[in-house]
Each structure stands twice: as C-alpha cells, then as structure tokens.
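In what comes next, chain A is part of two complexes: it sits with chain B in the first one and with chain C in the second one.
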Partner chain A sequence: MSDKDKSAKKTAAPAKAAAKRTAAEVAAPEVTAPAETATAQATARLTVRKTYKLYIGGAFPRSESGRSYEVASADGAFLANAALASRKDARDAVVKARSAFSGWSGATAYLRGQILYRVAEMLEGRREQFVAEVRSVEGVTEAAAAAQVDAAIDRWVWYAGWTDKIGQIRSAANPVSGPFWNVSSPEPSGVVALFAPERPSLLGVVSVLAPAIAVGNTAVLVAPDSAALPAISLAEVLATSDLPGGVVNILTGRAAELGKPLADHLDVDGLDLAGIADADFAVELERAAAENLKRVLRPAAAPADWTGHPGTTRLTAFLETKTVWHPIGA
Partner chain B sequence: MTSSIQAATQPHSDPDPSGAAATEATLRRFLLGLPGVDKVGLEARAARLGTRSIKTTAKAAGIDLAIRMIDLTTLEGADTPGKVRSLCAKARRPDPSDPACPSTAAVCVYPDMVAVAKEQLVGSGVRVASVATAFPSGRASLEVKLADTAYAVAAGADEIDMVIDRGAFLSGRLSEVFEEIRAVKAACGSAHLKVILETGELAAYDNVRRASWLAMLAGADFIKTSTGKVSPAATLPVTLLMLEAVRDYTAQTGRKVGMKPAGGIRTSKDALKYLVTVNETLGEGWLDPDWFRFGASSLLNDLLLQRQKLASGRYSGPNYVTVD
Partner chain C sequence: MGIFEYAPAPESRAVVDIKPSYDLFIGGEFVPATGGVFKSVNPATEEVLAEIGLASDADVDRAVAAARTAYERVWSRMPGAERGKYLFRIARIIQERARELAVLESIDNGKPIRETRDVDVPLVAAHFFHYAGWADKLEYAGYGPNPRPLGVAAQVIPWNFPLLMLAWKIAPALACGNTVVLKPAETTPLTALLFAEICRQAELPAGVVNIVTGAGETGARLVAHPGVDKVAFTGSTAVGRSIARAVAGTDKKLTLELGGKAANIVFDDAPIDQAVEGIVDSIFFNQGQVCCAGSRLLVQESIQDELLDALRRRMGTLRLGDPLDKNTDVGAINSAEQLARITELTAAGEAEGAERWSPACELPAQGFWFAPTIFTNVSATHRIAREEIFGPVLSVLTFRTPDEAIAKANNTPYGLSAGVWTEKGSRILSMAKRLRAGVVWANTFNKFDPASPFGGYKESGYGREGGLQGLEAYLDV
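So, the complex of A and B:
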C-alpha cells in the first residue's frame, strides 16, 4: 500500500466514526478540516451501497465463480462492484430460460403485451434512478440521460404494442394446388442469447431485449462492462413487472468470455451479436452457432443508431415460420 | 478436523452381531443396543464429502461408472409394455450416437412388466429388477408378499426390490420384519434381494441404522434407501449412514452387502458425490455395479448430457436425449 493510500485511509476513519455517532453529536463535529466538516454533515447517514448481482431465473444470485469486477464512471471514478459471470452462470441461465420457454411462448400475445407495458410503467416510476445511473455510467448531461431513459421507456411501449400484431404481418394464407387450407404463422425460436451494446447503456439493453421476448422467446442477455449497472437495475424492474422468472436472465461480464459457451450451446436457438465490437470474434461466434443452426443477428457494420425508429427488424429476427396443411371438408 | 468427524459417525464400540438373530430377544437387544447416530457429525461429514471437485478424466470415468450403476426405473401406474420396451432400449444403448457409452446395470419395473423387460434384454447383460411385496407401502399379508415375489421371479426377474413393513418396524415388531425379509429371501431363490428401508418414513437416523442391520442380518444382498414414492427419498447423509452400516457389517461377518440409494438423485454432480462417499466409506471394492446402484430415471439423461459436454466441449441440451 502506498503512503498516499494510507493517509487517505487515516482521514477517512474519523469521518466514518462521525457517521456512527448520533445526530446531536454530529451537529457539533470534532473534525477540524472545514471541507471534512461539510462532508460529515452531508453524509450523516452511512452510505447504502448497492450490490449489483446477476439475474438468473427470477433470482439475483452472485456469480457461481465468486468473481466480481469494478465498474468505473466515465471519468474513471469507482462506481460499484458488479458480478463477473462465468460460463457456468451462462449454462445455468440457459437452463432457466429453457424451462421458462413453454410458459412464456404459450402465454397469449395479449398477456405478453400487457407485461411488457407493465415494464414500461415500472421503468417510468423509477425514471430518476435510471437517469442518475445512466449519467454516472456514461458521463453525459442530465438532459441526454433523460432523453435516453425516455427513449427506453417508449421502446418497451412500442414492442408491447407489437406482441399481438407481429403475427398478422408475418402470417399468410398460402395458395396451394390441392384441397387444403395452407396457413403459415410465426413461432418464437426458443432461447436466444443477446449481447447488448455497451452504449447507449440502458437503451441498448432494452433495444435488443424487448423485441426478443415480445415475440415469445426467452433470453439470456450479456451486459458488458459499465452497461452492467443499468442492466441489473432494469432486472429489478423486470422482477417486479409480472414477467415470469427465467424469461429474461441477465449476466454481467465479458462478452469475450461468455460468447463462446453461449454460441456453442446446443440448447440456444438464436444469437444477437449487437454488442460484439470485434468483427473477427463475431465471425468466430457465428461459425460456432452454425453447429445447431442458430439464428444469428450480425452486428451492424457501421455504428448502429439505437435512437432511431426501431421498426420490426429485431422482432422478426428470432421467429420461425410454421406452416400447416389442413384438408378442406367436402 | 476430518478425522474427528469421521470418528463421530462411527459406532463407539463395534457391534457384535453373532447370535443376534437367534431369538427375538437377542435381536431386539442387539438392534436397540446399537449406538446412537451423531446427527450433526453425520451431516457434516456428508456435506464435506459433497465438496470434492471431480473434473476432466476423473469426471469422465465417474460418469461412465454412474451410468453402469443405474437401475433405470419406471414405476408408474400408467406404465405400458411399450414404455417398458423403450426404456429397455435406452438401458441397452443409453446414447445411440456413441457406441462407447456403457449400458445401465438393470431395468427396474413392476412384476407384471418383468416378462416384457426380460424379452427385450435377452443377451444384453442388462438385468431385470422387479419391485415386489406390495410395493410401495408394504402393507399386505405375508402370503400376498411371497406370492408377489414368486410371480416376479417366475417371470424372470434377476433382482427383487422388496419393501419392509414400516408399520411393523416403527411399532417395534422387529422380529416380524426380520422373518418377513427371511421368507422373501427364500422365495427369491437365486435372484438378488434388495431391501428397501424407506428412510423417509423411519423418522430418525437411529432407526435407519437399526433397519440397515436388521435387513443385513436377515440376509439382504443389497440395502436400498427409498421407494422413490416418499419425500425425502435418498439423501447423502442417509446414504453415508447406510454405507457405514454395510462397512461395519462386512467387517464383522465377512459377507459383502451392496447399497442402492434411490429417488431424488437427478444430476451428475449428485451422482459423483455419492460415488465419492462410497469410495471414502467402503473403498474401491464397492465402486462396481455389483455392489452399488442408483435407482433413478431422470439421472441418466443428465449423465448423458454431461458426457456429451465432456466429449464435444459444447453444452448440450434436452433436445439431444430421449424424453421418457
């Protein structure tokens, strides 16, 4: 430990002690330095630090590996410790996502829409928290952070509206030469692994997550580096929005570490590589995904504009088409 | 630390079973005189054994051994000959995509399905086990139980899994249970007899130790934890306790007895914990399908998934094993 650290610890100690005293004592603090007096008065309560854990199967476990990493703000200051997910966490998340799939894909599109709208409601209620978090993580102005949070809320509403309509634009009654009704309709692919972009931290996560689950898939989302903080706060929103546990699982950590196991995983049906910045790595993952014919959404060649109109591209990325031949009665 | 926990789960003095079976009084004196079980020590020891890390080649060997030890079980009221046939096919070739995957030890069915299973397993080396004696409650007259056993043996069962009458055992009619096991053993002929203690209904570890000794003294070839119909079924502490009873019995009498935990073992990790416990308690001599079995159905799929993962490096999924 350097001398500088030692002195920092020494000065921190009286402030900590002051925080433990009663309010009356704090009113007449013994600390001498004027700057510290102000701090001691402002932080008379102990800081309640938030633990950022993973979100797997509706619960918030720490990483199976016990690892964590430091998340820093845009100017390099320490923000929080986030769990550093391992490949076994990814495996556990896929198991939970798979077991949640039948319930979520079997729910009516109308119910899914209501739940997604509920997520928007809950996010709206915690708007201030997300604005502050996006600000500290990205170092942007309050107005820019607020605009991003609003866009994220609006995106949930956008996709909530689409849940019971996507079937209509993707279905068809096909003309066939025979006495059959021939009907095609979209079905969710299954479990999809999503790699969220790091920026914009909240909007990026929402933009890849909401469309995947809107159509009935269940998701394992990897939130990289500092995007971990808004992602895990979003998980708290999801956990209180009637979304069944396991439909969304959020892992925080390194895409470089979690990419291969998820792309290799035979029980994953789709891969969204939006957050993979390294083109060679994206190709490697796409190749691994070919083993069990996963649907792959490639990362945009140019930096993607996440604030633009979302359209339906991401809704249709993880859908299969089921075609039914039904004999026409005489 | 480890040694003190080990000592805690051992009897304070070696029980001497010679002459225990002579009369009802000697049997009762022997069984009730068995030292009490140190619950905390037993559970701590079992928990510690469960923390061993088994990886790579040892894990691969453990998984293959566990597959070879499985009594692939279907004991549903809705069992059909078709279901039993497909189960037999799975027992012969658990992983059709890999010829190197070993067969399971046996298929375990109700007596009326023995003939179907026997026909499917001819020449495969997979044995047919049948539950008997009014499984799973064990509540019937001795005549009915013996007839049940004889029916299964006549149909070709290689192994009989009998249940003890827990009502009689818990109300202290120990010699009644003892005589019943003896009679069923005689009815088994050359078939191996596994005695199910149903530990989930025995209420206390002391009773599990007594029931284990009772079954072994009466001539059981295997002692088995549970029917799988009662919760809790097999747990690691109960298995450890029964393995220790086997160890003590074998040390005293020289006769080797097998052990079968059944019910509730669903993951490869659990199975490996049991294998570690067997090795630490009884040694390598029991790490063999002849002396240790798993009564399980869903465990096999998880073992196969882990096996595929080890071979390919890719996590596998439930789409790649049969649903049964």
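So, the complex of A and C:
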C-alpha cells in the first residue's frame, strides 16, 4: 500500500469507523454489539479500545513527533491509530538498546533462556487475543490465524532453548601447534536493527526478533504498517516477562522512513533487512550500513517462507567469534 | 665494533631467481598483461626488483572466466579427497622451497628474514596442510550434511604478510571446492607469482588458482566483477567499506579483515620482563605493520615508570637494518607511501603534545626506515591513540582500575585484537570476556595458527579466517 493510498484512507476513515469493528472488538467478539437500532446502541456495552504506542526502553511512549497512522483491517475497516515512529524515536531506541546491551549480553545463557521461555508462556496465555488480532489485520480465516500464532509461540520456545546451546555448537578448543590454551566462543554483535516483514504479521516479527536476542544482542525492531498491531501486543508480553527494558525496542510505522536513520546509525552493529520488500531500497540500506561495517542480512530474493524450519541462520547472523590465547607452562 | 656488537650475518640471495619481468597467471599459464607494467621495489634499498604486469579490465575478465571454467568442469566435481591431495602437495612444495620463499618475501616486503623464515613461511605451509585435511571432511564441520562451495572467489590481499595472506585466502577456498582469482598487493607481488609456479609444480588443474597483479583499480574491478560469487579482502577499513558498498545488493558473500588499534593492557602484577617482551612483539613485529598490532599500551599507573624504563632498555637492543641479516629485528617500512603516513601521524603526535622517544638508532641512507618509537603522555583523544599508524609506533596510556582499562580499550571503532598481562587467572578471564575484540592474547601477543580463527569485531570487519570457523566463509551455508 503506498503512502498516497494510506492518506486517502485516513481522510475517509472517520465516516466508516463507527460501522466497523475495532481490533479490540474483534479480540472480544462476544461483547460486540450488532448496533442495528438506536435502542440496542443505547443499552449495549461500548468496547474499551487499546491505544497502540511504541515500546522503547521498557516504556510505551507515543511517538515524540506526535504522529499516528491509521491501521485498517484487510477489508478496510478502522482498527487503530498506531504511533508513527520518527527518526528521533529510532535514535532514542538505539540509545536504550545500547544501555541494555551490557546487562543482557552479560546475563547467563540460562537466565536468557528462562526469560525467553517466560515470553512464550505469556504468548500462550494471550493466544486468543493474538489470533483475533492476526485475523483482523490479515483478513485470514480463524484457522489460518490460529496456525500462525501457534507457529509463532512454538518458534519462540525453539529459540528460548537455544540460548545455552549456541555457545557450545559454535565454540571450539583449537589444537594450535604450540604450548597454548586456545579457545574460540561466540559473542553477540551488539545492537541490531531488525526490519520485520509485514506478513505474516506475528510470525514474521517473532522470526527476526527471537534469534537476535536469544544470542545476547539487543534490538530495535521496525514493525511496518499493519504488523504494528501484533508487534505492540507482543511488546506488552515482553514488558511482563522479566525481559529487561531496552533489550527489545519496537517502532511502528514506515520502514521507508526509519530505514535510513537506522542503517546510517554508527551505534548499530547489525541490520536485518527481511522486511524491506523494495530491492533498490534494500541496496541503499546495505550501502549505508557499510559506513561502520554493520553485519547485514539481505532480504530473501524470493518471498521467504516464514513457516518453514528456520535453521540457525538468524541465530548466527549477529554473532562474533572471540578467540583467547594463553601460554601453558608451570 | 663494540664487544657486544654483532658481525653481519646475511642470508644469501642466491637462492632466489628474480626475473626482469612477470606476467599474470591465468588458466594455468603465465600470460602477458594488457594494461601495461609497474615496478616492484626492494624497500630496504629502493632497488627496482622487476617489472610486473598490470592487469587490465579485460585481463580480470579472462581470469574470472578461467576460474569459472575450472570451477564448473573440474574443481567443484572433484572428490574432496582429491582436492585435499593437491593441497597437501602444495604444502609440501612450500616446505621444500621454504628458504627461497622466505628470502624473496624479505626482499620484496622489507621484513626481517628471521620473521619470514621462522613465522611467515612455516605458517603458510601449515595453513595449506591444515585445510588440505578439511577438503574431504566438510560434512563434519557443522554446516550441514552436504556443504556446497560458493563458486569463484575474488581475493584481494595486503602487503604486510603477502604470502601468509595468500595462504589464508587460497587454502580454505580451495579446500571447500571454490576456485580463486587473487590480487596481491601492488608493492609485494613476487611471492604470489612464485606461488603460481608452485601451483604448476603441484599440477593443480588450470584455472583453479589465477593471480592478477595490479593496483587498487584492479582489485576494485575484481571484487565488483559480476562473475564472482565470493569476495574476501584483507586491508584498510576505508577500502573494506568501499568493497562492502560495491557488493551491496548482490548475492556475493563477503568477508573482511580490516584495521585495528589494539590495546595491550599491563596490570601491576604482570611479570615485567615477560610483559616487555610481549610489548616488543606486539608493536615491533613486522615493523608494526600488522592490523592486530598492540599499538596502544595501557599500563597500570603504579608500574608505569618501572615498565617504561624496562621497555626503553629493551628497545635499545633492537637491531634495525638489512632485512636479510639474520640478526635483524626491525626491517624496512614497506613503501615510501607508508613511511610518509607513519611520519605524518607521529608528527601529529608531537604537535598534539605527546612525548616522543626512540632509542639511538642509525637509519640506512637508502630505503624506507622508521626507528622504533614510543609516545608517552598520550590522551585518548590524540590521533596517535585513535588512528591506525601501521608502523613501529607505540602510544602509552595509563589506567588505575580494570573498569577504566576496559573502557579505554573498547573506546575505538575497531575490535580486532587485544592483550592482557596479569598473573591473576580470574582477572584474565574477566578481561577477556569484556574486551570487544576477535582475538585476545593473554600473557602473550601476536600468535597465529591455522587452527585458530582470526578476525574482528565492529569496524575491524567480519568473518573469520582459520580453523573450523574459517570454512564458513567459503561454503554456501
């Protein structure tokens, strides 16, 4: 959807909004009022809608720019006014991610695994909410939405179990030809900027985010357009799962606007371009990332199959290898 | 001659036969370059050694095409065990011709024969020997059950370890089933061209290794060539950046080994004499023209005077001069251009207020030379504390606590290597964990081994060379 389409929709939205169901109403279908008559309207309970804000440093601020954008359902109905993150929000998120890096990367792998598993527990508890949200933004059947949410939860569990194993499978005691103890082990790259695909909205966000933080990086994730809704609900899960503030920061809005400031940012160490569909723009961002030699995951040439087995590519994309030498002697 | 002076002990040049001119090595043949010629100079004497073919764009195209043909018809189809046997052969020939390679490297590069003979060339042979054994064991490397090569690798290497960097690039590439086009540095092409002869002696299939000589434009043409699948570069961060931009948006896999500004941290409980030897190795090995050189000495304040006195005494015994003299510790700077950069940065060090010291040291009249130098009273903002000098110049800073040492050590966009000197084991481990660098030497420095992965964090590049980890750069994983 182009920006022009969106602004056109925004103008037309208020008129349609009253007749359409919001995301919160979709999430709680049993209380949705049919609103067929004025009487019914007068007596029915009005749904309490959710305000979708950003997630930065463990808090939920609005965009510093004060801007928002309308997120519509697949059939065009008003769902929410999501915060339209600015480049200043992106910079603030990087600062928070950097502050959180030392604690998160220094935490034991066991603790990171416990926290990430806790996230999966919280996701499971909110399963119905995510199914409804995915259904409303993607316009898919309930079965398809449920399958996506289940896959996302299971993927999160898969990555939670990796935290204390990636170090072993990527480590080595190196048999050097001399009296030296020599060991290589992986360490996280640092702060990574992740561009999630818009579809699948929840599974896409989980697939780029979970591996990056499982290995100890801290992240600034851009959830584009309508993926904002499940992404911010995921942020609510993260905020209540003992994950330290700043480890994950979620910006909603336009990859086209946030891409360059994050690719240019000298305190960002890695860039996942999974969600950048425009090939020319992806090249522009990869070139910008060269300024401080960011590690870059290029977008897939063909549309990625996010439901397939993820393998370890995303776990190792933002990992460094450190090798330590020490003489052996009496 | 005083009683503790050394008589000259020159290694014979007779073992090498430098030809007046050299061609390119493409498709198993030496073919004349069509882009003209340039000269390779002995940096210790400024004597012109040979005229070297300058590869044109068309020559680069031909080399890439030869590599592609060899990849498709021969090398990617050959069983790993057979590929491995070629690499074992190459390793053996390098051992057989080790003295010749060492002398030629010293003449072309300016580094002491003691280093080329005892470090560079033995490591080159070891590297080929190590990766030879990997060629038929790739499915056990942890990159999946059927690891595949990438195709044609474009490899651009620097002048500081010409043959060693060639080995780091070519050995893993060939072991994994790729073919290569390698461009040696403009000032040090001779050992790469001798390596081409070694490939012929080994009867390596034509086109598996191609060597194109030239300058920066030749390298730029090579890495941007649409016919290559993999780019590997060792050199400056500035050129690394431009290569990363050039391959953006392609399917080319990229690994980069770039600059460094390593901290070498000495705590008050370190054994002073060992630490001094380590500092000398860290910054004066190869005239300090080492990307992982320990160019920032961080010394704990309480032992600064004692350590620096011992270091100055030790520096007074370093012998600078003829690279072919077996007693020489410090050889020539590789080029006039590099000498100018070192001179400019050290002048900036003095201008910014740091205190400069070198031992009494007579420099030869001909050639490119720079005396071992230390700067004290250096602050973190000085250019000599931030920029890679790539010369025998040490900047000394102090610290009081481990936290301060870590903060200062990590306060750089680079992250290639670091050193720690202390007798306390738990402190070594905590420092090693907190240093953001790809290689940490504890109570040692500048050690290398084919089984030990090497490479940097941050702006020192990405990817690893050496060991199991070094295979990943050349496999489709």
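Here is the rule we go by: the second predicted complex is superposed on the first by the 289 of 330 C-alpha atoms of A that agree within 3 Å, B and C clash if a C-alpha of one lies under 4 Å from a C-alpha of the other, contacts with A are read in each partner's own complex, and residues count from 1 in each chain.
Everything below uses one rule, namely that contacts are C-beta pairs under 8 Å (C-beta built on N, C-alpha and C of every residue); 3 or more make two chains touch, one makes a residue touch a chain.
These numbers come from a predicted model, not from an experiment.
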| item | value |
| --- | --- |
| Three-chain arrangement built on chain A, chain B and chain C clash or fit | fit |
| First (chain B), second (chain C), both or neither touched by A:Val94 | first |
| First, second, both or neither for A:Glu320, with chain B first and chain C second | second |
| Touching partner for A:Glu291 - first (chain B), second (chain C), both, neither | both |
| Touching partner for A:Thr240 - first (chain B), second (chain C), both, neither | neither |
| Per-residue touch tally on chain A - higher for chain B or for chain C | C |
| Contacts of A:Thr108 with chain B and chain C, given as first, second, both or neither | neither |
| Lowest inter-chain C-alpha distance for chain C and chain B in the superposed arrangement, angstrom | 5 |
| Doubly contacted residues of chain A, that is, touched by chain B and again by chain C | 266, 291 |
| Interfacial residue positions of chain B with respect to chain A in the complex | 313-320 |
| Partner chain B, residues of chain A touching it in the complex | 91, 94, 98, 261, 264-268, 291 |
| In the complex, chain C residues that touch chain A | 126, 142, 237, 240-242, 244-245, 248-249, 251, 256, 258, 413, 428, 432, 437-444, 447, 449, 451-455, 457-462, 464, 467-469 |
| Complex contacts: residues of chain A adjacent to chain C | 169, 172, 174-178, 180, 182, 184, 189-190, 266, 269, 279, 282-283, 286-287, 289-293, 295-296, 298, 301, 320-327 |
